[in-house]
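Shared between the two complexes below is chain A, which has chain B as its partner in the first and chain C in the second.
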Partner chain A sequence: MYNSKYVISGLVIFLAVFSYPFWGNLASKDYNGPKLSLPADQKQCIEPVEFMRAEHMTLLNQWRDSALRDGKRVYVASNGATWEASLQKTCMSCHTNKAEFCDTCHLENAVEPYCWTCHVPPKGNE
Partner chain B sequence: MIISLLAVIALGILAWMGSMMGFQYVLAVCLPYTAVIVFLVGFAWRIIDWAKRPVPFSIPTTGGQQKSLPWIKPATLDNPSNSKGVWGRMILEVLMFRSLFRNTNVSIEGDRVVYWSSKFLWLFALIFHYSFLIIFVRHFRFFAEPVPFFVNAIEMFDGILQIGAPRLYMTGPLILVALAYLIGRRLFNQKVRYISLLSDYFPLFLIFGLCATGVAMRYFLKVDIATVKVFVMSLLHFAPDTAALAKIGSIFYVHMFFLTVLLMYFPFSKLMHAGGVFLSPTRNMANDTRMKLHVNPWNPEKVYRTYEEYENEFRVPMFEAGLPVVKKPEDKE
Partner chain C sequence: MKRSRRQFLKVASLSVAGLGAQLAAGGMTKAAAAVKPSYKEDALALKAKRWAMVIDTREFASKEDFDACINACNHAHNIPNIPGKSEIKWIWKDAYEHTFTETKNKYQSKEIEDREYFMLCNHCENPPCVRVCPTQATYKLENGIVAMDYHRCIGCRFCMAGCPFGARSFNFTDPRPYIKDINPKFPTRMIGVVEKCNFCVERLDEGKLPACVEAAPGKIHFGDLSDPESEVRKLLEENYTLRRKPALGTEPGVFYII
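Take a look at the complex of A and B:
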């Protein structure tokens, strides 16, 4: 083999980088997903849980646009119930702690919503 | 072109149907492990195979003034005369695609032949490769817990426009536009179309499918990424979590299947230019043929006969015939 000094060292770097997910996790513990604390006194969110899981960010985005740009602050849910389109007054009245609810999933999946550049994050009962 | 398009569509349908028909374990566990092994071993094998090939001649491509007399300015990057120049040229080639920047387009204007500078190939190739790199790095949020810091930093810049929710990552549309250009170039530029083969179209369509399913999964069809991460991490711990797997939507399998096909196809295709660029003699050699002798490694060993050996054999008859010798015969001293 020619230029083996360069070829082998390049190849080792390549293999190390591309196998990082495997050797990087050798020492880590089993990952079981986020543990979020749900509100104790409520069973049902404003929409079904599957919808909320997939579309909560879209919903919040629509709420922001309709409330701030169109002045419409009423949201009619799919089951007919009406809610005030407000992150702090509606969502956060049940999900009282950002760190224990929002952040559990967001941090583990590196999602950084910019809600909290304007809103004040609620800290639950602290 | 049609064949490779159909092949990619067929692969997508295959994965989608497979996920519906109970082949989830094969699609998301067996194939990815195989693909990673094929990719890493295949890549290393190809590189070592290339590194074993001798380079018979010194053949760097030159694009500027060779190093010559001291008062003539040499082009140190386009015509490197030492390894420092070669490193500079290689780094800029890999990071900035300088050779594509030189791309020209020839056309006949009236009765004249005109050469235009044509930067679009360079521009879209650069967009494509950097978008791919950023997208690849962003995926590391699924590969480690806690998420590595560079993922958050790169996501911040990728989504800095703060459009919509989930936040639009610029690289998503950019890579699709760049791929569309690269496919379109092969279809609508007659000269390029003439030399395009299945192996040119297939990777483009495959990567387009991979990116399109990824974009669809993020913005439209919505996969539960918390569960995806649980599953991916279980794969990385070599203990696949089938319970988590069962909760993931079909589009994930299509995305994953395109990726496994890409990984397995990579070492045997033109995509190996990723490693091959470093081993190109036209790029990694210095144009120093006037300073150093390049010996072809496969030349047979040269048999030399020195004058000393010659004189040792014929010293006596040479001396007797009165010819001059360096060393006189022993009995005549």
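Take a look at the complex of A and C:
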């Protein structure tokens, strides 16, 4: 093999850099989700927390279509409780801190929902 | 160990069946745990087959009479106060010849010609704006209201070209800075969407009359046009009324007692 000294050392350096995400993460700490400020006076959201975490955007889309297109503005949750299908009147009445609830998680996940170009964040936030 | 072909197939098929059953059972419990949403109407909701408005124009004389309704609407719906050509209007007033463009006669009553008249979306039975909207952002509800879903509006302004009544406004700028006192119960709009009067569909759905009707008791009437016993039908029978541009055949739902 010609120039084996350079070729092999080059390969070793390439592999080290290429596999950095794998061995670099082995040394680092476990990932922890962002800490959200939850409403102090409420124990439970309208649906179980796992569902809300994964599906809140789908739920909000369904709320919008039901309220605007069908005029059905009352949401019957899986536990039978009823809620007004309104982001500003229902969600934001408990989650009064947009910056420490919505934004923290959205920033962490690098998503930029454009809810707030129209919907009004609660005043307690400003 | 020696195993016959028959023995091997027995064990293999049993284990596949067992695995399949486990997966199916797991899937079923998962499906049962999933949330089944259901929606219903508010028990207080006001209902009609065809909502209509009757405005008693004889009752509106002073600027204060008009402003009471306009301000009530502006606050309820977070309507910005933008000066100049980019203004946003849901309900506004204008002169006789601008309101009833086809009915201007010679030697008419000076009092009627000098009066000012409310203008707003007419919530037509055959709304041209709905026909031209390419995204179904504007649509007709079963109760006759021509509503909008601002989420879907792409700002093409076909509806503004289609509306013969000039009832639609376009947000040329971000409206937020022009709203003095934001109502936290209603959204604002964003730059690049069209907006208009929604007959207060959000208030009707929770059992309240429209904001302008509430602000002018006895002057603006609201009710079901399809119900012969309703207040609006009685008013239409007892008084002479006009509608804007009836020849176009859009069948407006706003009537003016002259």
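As a working rule, the second predicted complex is superposed on the first by the 91 of 126 C-alpha atoms of A that agree within 3 Å, B and C clash if a C-alpha of one lies under 4 Å from a C-alpha of the other, contacts with A are read in each partner's own complex, and residues count from 1 in each chain.
As a convention for this text, a contact is a pair of C-beta atoms (placed from the backbone, for glycine too) under 8 Å apart; a residue touches a chain by one contact, two chains touch by 3 or more.
A quick note: this is a predicted structure, and the numbers were derived from the prediction, not measured.
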Touching partner for A:Leu60 - first (chain B), second (chain C), both, neither: first
First (chain B), second (chain C), both or neither touched by A:Pro122: second
Chain B versus chain C as contact partner of A:Val74, first or second or both or neither: second
Contacts of A:Gln88 with chain B and chain C, given as first, second, both or neither: second
Which superposed partner A:Ser28 touches (first chain B, second chain C, both, neither): first
Touching both chain B and chain C, residues of chain A: 55, 114
Contact set on chain A toward chain C in their complex: 47-48, 51, 55, 59, 62, 64, 66-78, 82, 84-85, 88-89, 92, 114, 117-120, 122-123
Chain A contact footprint on chain B (complex, rising order): 36, 39-40, 43-44, 47-48, 51-55, 140-147, 151-152, 155-156, 162, 164-167, 222, 224-227, 229-230, 233-234, 236-237, 239, 244, 275, 278-279, 297
Parts of chain A lying in touch with chain B, wherever the complex brings them together: 1-4, 6-7, 10-11, 14-15, 18-22, 24-25, 28, 30-34, 53-55, 57-58, 60-61, 105, 107-114
Residues on chain C engaged by chain A in the complex (per definition of touch): 35-42, 45, 78, 139, 141-143, 147, 149-151, 182-190, 201, 205-206
